[in-house]
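Have a look at this one before I ask anything.
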Amino acid sequence: MSRDLYDLLDLLAAVAFILALKGLSSPRTARRGNLIGAGGALLATVIVFFYADTPDSLPLNNLGPILAAIAVGTLIGVPAARRVQMTQMPQLVALFNGVGGGAAALVAIVEYLKLGATASIAVLIATIFTVVVGSVSFSGSIVTFLKLQELMTTRPVIFPGGRFVIAATLASIVGVSIWVVVSGGTMPLLILGLLSLLFGVLFVLPVGGADVPIVISLLNAFTGLTVAASGYVLEATLLIVAGTLVGASGTILTRLMAAAMGRSIFGILFGAFTAKPIDAASDGVARPVKSGTAEDVAILLNYAQRVVFVPGFGLAVAQAQHTVRELADLLTAKGIDVAYGIHPVAGRMPGHMNVLLAEANVPYEQLAEMEEVNPTFAQTDVALVIGANDVVNPAAKTSPGAPIYGMPILEVASAANVIFLKRSMRPGFAGIENELLYDPKTTLLFGDAKASLTAVVSALKAL
Amino acid sequence: MSRDLYDLLDLLAAVAFILALKGLSSPRTARRGNLIGAGGALLATVIVFFYADTPDSLPLNNLGPILAAIAVGTLIGVPAARRVQMTQMPQLVALFNGVGGGAAALVAIVEYLKLGATASIAVLIATIFTVVVGSVSFSGSIVTFLKLQELMTTRPVIFPGGRFVIAATLASIVGVSIWVVVSGGTMPLLILGLLSLLFGVLFVLPVGGADVPIVISLLNAFTGLTVAASGYVLEATLLIVAGTLVGASGTILTRLMAAAMGRSIFGILFGAFTAKPIDAASDGVARPVKSGTAEDVAILLNYAQRVVFVPGFGLAVAQAQHTVRELADLLTAKGIDVAYGIHPVAGRMPGHMNVLLAEANVPYEQLAEMEEVNPTFAQTDVALVIGANDVVNPAAKTSPGAPIYGMPILEVASAANVIFLKRSMRPGFAGIENELLYDPKTTLLFGDAKASLTAVVSALKAL
Amino acid sequence: MRIAVPVETKPGEARVALVPDLAGKLIKQGLSVVIAAGAGFKSGFTDTAYQEVGVEISADDVLANADVVLSVQPLEIANLKSLKPGAVTISFLPVNSSFEILQAGADARITQFSLELIPRISRAQSMDALTSQALCAGYKAALIGAELSPRFFPLLMTAAGTVTPAQVLVLGAGVAGLQAIATAKRLGAVVSAYDVRPSSKDEVISMGASFVELELEALEGAGGYAREMTPERAAKQRELLTPYISKSDVVITTAAVPGKPAPLLITTEMMSGLKPGSVVVDLAAESGGNVAGSVAGQIVELNGVKIWGGKDVPSSLPFHASQLYAKNVVNLLNLMLDLESKQIRLDFDDEIIAASAVTHDGQIRVESAGGKK
Amino acid sequence: MRIAVPVETKPGEARVALVPDLAGKLIKQGLSVVIAAGAGFKSGFTDTAYQEVGVEISADDVLANADVVLSVQPLEIANLKSLKPGAVTISFLPVNSSFEILQAGADARITQFSLELIPRISRAQSMDALTSQALCAGYKAALIGAELSPRFFPLLMTAAGTVTPAQVLVLGAGVAGLQAIATAKRLGAVVSAYDVRPSSKDEVISMGASFVELELEALEGAGGYAREMTPERAAKQRELLTPYISKSDVVITTAAVPGKPAPLLITTEMMSGLKPGSVVVDLAAESGGNVAGSVAGQIVELNGVKIWGGKDVPSSLPFHASQLYAKNVVNLLNLMLDLESKQIRLDFDDEIIAASAVTHDGQIRVESAGGKK
Amino acid sequence: MSDLIALVSIFVLAVFIGFEVVSKVSTTLHTPLMSGANAIHGVILVGAIIVADHSKTTLELVLSLVAIVLATINMVGGFVVTDRMLEMFKGKKK
Amino acid sequence: MSDLIALVSIFVLAVFIGFEVVSKVSTTLHTPLMSGANAIHGVILVGAIIVADHSKTTLELVLSLVAIVLATINMVGGFVVTDRMLEMFKGKKK
């Protein structure tokens, strides 16, 4: 096919990638977006077999081995992606990202080998960039994979003098890069690659478990940029566009993720330089809880079939009754089944919740008594506990001696997801800890119930 | 300066234009965005004086006349833009757009004259496109200007057989275009230009007053595309980018505007073909009212210092009391002064509004009696009339004989803006028309009060 | 010009026609006001409070020499005769049942205004004492229903089981009915309502209650009031309402047709479906009763169902009822007051004056009472 | 096993200790239930209703042969003696003032439970009759305040002027106080409240009322109850409360300290600031009164201020009060019931049983009443 | 990559940006945004200057000078008028 | 316009699109979006195929074949795993 046609088809693939990212940013279109992206990638891969600088150089050299290699890659990639469990997906993504970075580095190296001394300075710089960043991405991703898979400690690994080792490695990379530019040749480039691999490992080791996803996203953006750079080396616009897209969106995404988790990217990146070994030891003393944002809660609610609100004293203190009804109305309008589970002693006065909810004009029919609602939790996707605590505390069943032992509770733990809206980890009236707060299926949204609910309502409307 | 430097600076200007459009899409950043755009335009204009294909061809030929022409343009454009009244801005924009289109057409013609027979087919097609669309934009914009300035009728001008004239003109344009491509030469191009000017006039004449802004936006997008096409002719990337940006965003904007006004672009574009003279006569019988969207209302509220809600029976029927309080809370949180003006006979029962608003927990302090609130309307930016009618009907003061004559009313007409939330133009309890609905400072948001308020709340949150 | 306010003598009447606040305003306008000693006592306004704003307190007859007399109940015939000719009285005055009073007033050449006849136009709403007093009655009716019921009104889910909300049915959704709906709803009851006027459905919904739809045509009379039912329609309506009544814990009736006895909405038979402990509040008891067997001013018990018959209901909220009433009266007075000469100047072209002045210049002006208009 | 429910003989007591619904459940569990004829009448439960669920109606003495006796008020001493030894009684039983009854019960080897002594733990809330009856009393207190007041509770802006909302002050924000707040707020009043417990501020705010902050230390006793005030603190509290009382149209007092006479919160002097027409509702009148001069079961008028003294208040809501009470009692009964043998089996290791059983095996088990625990 | 393809690529990408960037604009900003976009296409001034520079004949020169005048009006006037429209958004809170 | 400038222009425009397109993504989509973007850069496969085609030495060929394998894993696996992640969004309402 002609170069122009090839380029046009490539442009089409690039457009597909843009649409893919756009689609992936909204729950409704995410799946379609991914499929469009896959279509674009397929298109780009197929046409490369039908284009050559001169028509008679078709079919491609080494066609057999190339096809075989693709088959091998597919046979590895697809089953891995198919079989992996939900919880292990992040590490698989890390791994995929790493091999991508590795591939980009290899491509750059091969092209470098081919071009030899004919390469321009610009191409040389792009090559070095690809090799360095690709290798970092490769080894760094492997380490994140090991951490997430718990094949190694998830704690930040910090050894004395670590920061000097890192600084030295970095300096060597810069030095060797100059060496490559000045003298050319295979050896320096290989050394550069090895140093970069080392740097990748050193770079990720000091990152703590919670920050790993952010680092994966960062490495992903890195890989994108290496792809763009190798696109420049190969004069392939598609690679430039695709790589840049990933690099740019990945950067934004990293920032968003860090913001959502309340982390500073700077702090994570230079953690190795600033973290002291002592910090590592104190880590992990408090029991971990899963806290989420209003957006997370909104998404959980949006894709639920049935939601049960469990109001308690905190709802009354926050005077959030109107907001809770607004949320219920919104969900009902989306066709989601909403009920309020009213525990007989919720609040501080018999019928406290009734008074509140009646004020907000919640229809009496939506209020369900404990006996009525408890059997339905098993079919409930989300139990949203709003400023309640004792009335859902499993200690009432499990801890003889607790002041609430023997009291029937709302069995929210049977729901698929439990969300707590409260301000802190403080207990309720009875003053006893609630194990449910630490349950893996529980998400905590901290803050005044009214403010939290308002944020959830906004987030839900923005979906 | 070198071509590469020039191109890079041009790229910078292009980026400025992107940022300008981005900024202009949000109230907070709109002004800054416009300034960035102006900066980009200035940069692009200045550097063109310092670049030439060969260094010794600097300074530019005809430098004096060029600078003089720029001065003349500035002396015309700036005072016009400075002195124009708020209400006349749309027609000025139309005029500016028209001259832009004209300029693009002229540039293409001059380049055509210069290139003569050396022009490639692609360049020829681009030239023809520029001349045709630029001329249409020029003459069409002039007509829209005349309409808006009421120098001619704002009614759709439709003459018998008009559609055949239009079709014939269009056909001639296509014919002459082919002639230009085939034979070249100055004459055919000039004819093409004249025909296009004619077409522009014919195209806009049948458009009714209300649709004119949409047509301006469309012509604006057209002009953008001509600029992009002339950029192709001149091989100026900046023109391509800037023109494309305007073309693309203008297209989207036209669609958004049409949607906001409940019009179909297709209907407007082909109005000339579908409208029958008979329709024109029946047009304009109903008195015009200004109806807005929830976003318009949200923006008006967002930039107000003081807002007075005037609830009436419709609020009660819609049971929108909770939503109205939500809106009030939102405004209060933005530091806007909110009060409820309660007319003594609003609703259908003494104290009707009190019962409702108390249910929604509106603090008693925010409720103001008529005598108390009336003197404050003069300092009120927005009076939001929610399902009320008789209690704000000026007929109580102006129409002896009206069943409400002599009743004191809430004098919302003294506020800077009045917004009515009602479902239709139907009158209220007393059954008499409300002149205030037709007042230029009044905006109507049609629909059930609860739905409308919910939409306003969402829009306000999205700002 | 001298405005006089006598003591209300009708038993059970606790209101007063003028409150200190408004008396003060009249005095500031340059009028003089005299009030019988103790006239405001039952509604919580002391003589001192009147004195403080400049009202003259008189232990004697306040009527002699008065130019205008403000009262809640119509003046007795004896008192009318002691007024000077041309004097004006403003009070409730049911024309259909007060022929003697009208005649006496006409004979004494007194201009009597009947607040019942204030037209239902928006401009006149500030003088509409029927509305303001119906507001008080409606509020009270719901409170009495709650008070007499052996049940809670609201739903409460407690550790000792769930208390189900009371079912309240309001028949007649005029001013009083709507306010009864509002009050019962506020207390947490599940409220439904029925009325014959076509616009009442929207009005009931606008109070947040549900409307009982019967398969019956609507009835609309003049001035936004209802019309009288034919006996057939009345029977049909009763039949259709029966199941709704049986489901209720509290029934509040407020139906009225101006100038006619109150329609009978509930027969003894219909009440047999009520659970023991149910309560029926009949606000129309004084004008014939919406409920069979209701007695004004008494609670009748029938098979465990309490039937409360309203009597002087606004008087049980005397403070605010007086305040609202006084405002109505003063607004009407201001309409006929020439501010410069400080004299009454009646403009019979004004629809309100024309409709509500029932005697003037020796004539009875209402057709239904035998006069000409 | 035979459960008996006698007629309540105390004047003013309208409740019944078991309602048909719950009686039916007990019978389904295999127990037999006997009730004195007409016992449920005053609260709206007919003998027929009991019969329908299988309860035996007896015109004679139901106590003989009973294993368990459920009542609202404590059994009279004569009746206690007619019970068989080992029988169980469940009722209110104020230990501090009922020494003779305890002694008689112990002598007759009866196990008496006092509902006042159910501990305030979450698990016991379903048996906590103090709470459920306080709920009824609080609701009623607010209704009575509204009923007696010559004013509207809500704000209403009308054509006849604006009716300002009533200012309601609630003193003592326990269960009854909170419910009074809720009800008054629902009716539209502006409500503020004061209590001595440190957690009460949040609780008051959680009802949407405003909390009156006094510059006084908080007082918290055992089990979530208040402590008694020292005379100095009491005087200081009264002084600081005076301006708040003067501003109020309705004052509702519910303060109590378990086992002690109710604290005096309002003196006659403090009431002199109240406007005529104001209302004071004293729910604590039976146990000494929070308000000087209040008399249980009467309305005392003082300078135009009505002081309503509560007496048997939950009995004025007999239907629901009985329903809630019965549920409490049955829950407690179920705690001591061995379902298989259908016999009472008392587990004195259970905190609830241990705290509320006041006589057992011939012993008085409460220290304050002279027994040992 | 040929020039044409480069230009087409740029064109396509610019279309995307144009779409994305304004797709969420609120109604009240429609007119200012249109006006701002209008001013941006006044950059045809650059094209007009280039052709004026290249002009060989008087006709060409005159036409290009007219084009310069028109383009300047479009550009300068456009930005100024947009700024004036946006005055309502200044000085207020937020 | 030089090639370099064209490529830079494309780069800059692509950066804008990248920013714009994901700037409003919700938290729950962070991981799928990252995964999808990750799959997209698997298009380096195209580069790997090109260098494999050009390979002259065995070293070059072997390296490029390894690159192909890795890139394929990245691309194919990436899209599949993203799709699986997104399964939670399918089949439900809206």
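For clarity, chains are labelled A, B, C, D, E and F in written order, and residue numbers in each chain start from 1.
Simple rule for what comes next: contacts are C-beta pairs under 8 Å (C-beta built on N, C-alpha and C of every residue); 3 or more make two chains touch, one makes a residue touch a chain.
This is a predicted model, so every value here is computed, not measured.
Student: Which neighbours does subunit A have in common with subunit B?
Tutor: Common contact partners of subunit A and subunit B, which must touch each of the two, are C, D, E, F.
Student: Need the graph distance between subunit A and subunit E over the touch network, please.
Tutor: Minimum number of steps from subunit A to subunit E: 1.
Student: Tell me, please, which chain's centre (mean of its C-alpha atoms) is farthest from the centre of subunit D?
Tutor: Between subunit D and every other chain, the largest centroid distance is to E.
Student: Would you mind working out whether subunit E and subunit F touch using mostly the same residue numbers, over half shared, or mostly different ones?
Tutor: Over half of the interface numbering overlaps between copies: same.
Student: What chain lies farthest away from subunit F once each centre is taken as the mean of the Cα atoms?
Tutor: Chain centre farthest from subunit F's centre: C.
Student: Go ahead and note the Å separation of the Cα centroids belonging to subunit E and subunit F.
Tutor: 34
Student: Round to the nearest whole Å and give the separation of the Cα centres of subunit A and subunit D.
Tutor: Going by mean C-alpha positions, subunit A sits 57 Å from subunit D.
Student: Can you give the whole-Å distance between the Cα centres of subunit A and subunit F?
Tutor: Each chain reduced to its C-alpha mean, subunit A and subunit F end up 17 Å apart.
Student: Which whole number of Å gives the spacing of the CA centres of subunit D and subunit E?
Tutor: 80
Student: Among the residues of subunit D, pick out those that touch two or more other chains and give their numbers.
Tutor: 125-126, 131-132, 135, 154, 156, 158-161, 163, 186, 188, 208
Student: Which residues does subunit F have that touch at least 2 chains other than itself?
Tutor: 1, 4, 6-7, 9-10, 13-14, 16-17, 20-21
Student: Scan subunit B for residues touching two or more other chains and write them down.
Tutor: Subunit B, residues with two or more chain partners: 18, 22, 237, 241, 319, 344-345, 350-351, 355, 358-359, 361, 462.
Student: Considering every pair of chains, which are in touch?
Tutor: Applying the touch rule to all chain pairs gives A-B, A-C, A-D, A-E, A-F, B-C, B-D, B-E, B-F, C-D, E-F.
Student: Under the stated contact criterion, what part of subunit C meets subunit B in this complex?
Tutor: It is residues 121-123, 125-126, 131-132, 135, 175, 178-179, 182, 186, 202-203, 205-208 of subunit C that touch subunit B.
Student: Within the complex, which stretch of subunit B touches subunit A?
Tutor: 319, 322, 325-326, 359-361, 458, 461-462
Student: Touching subunit F in the complex: which residues of subunit B?
Tutor: Within the complex, subunit B touches subunit F at residues 3-4, 7-8, 11, 14-15, 18, 22, 235, 237, 241.
Student: Could you list, by residue number, the parts of subunit E that touch subunit B in their complex?
Tutor: 4, 7, 10-11, 14-19, 21-57, 59-61, 63-86, 88-90, 92-94
Student: What part of subunit B is in contact with subunit C in the complex they form?
Tutor: 313, 316-317, 319, 344-345, 347-352, 355, 358-359, 390, 396, 403-407, 429-430
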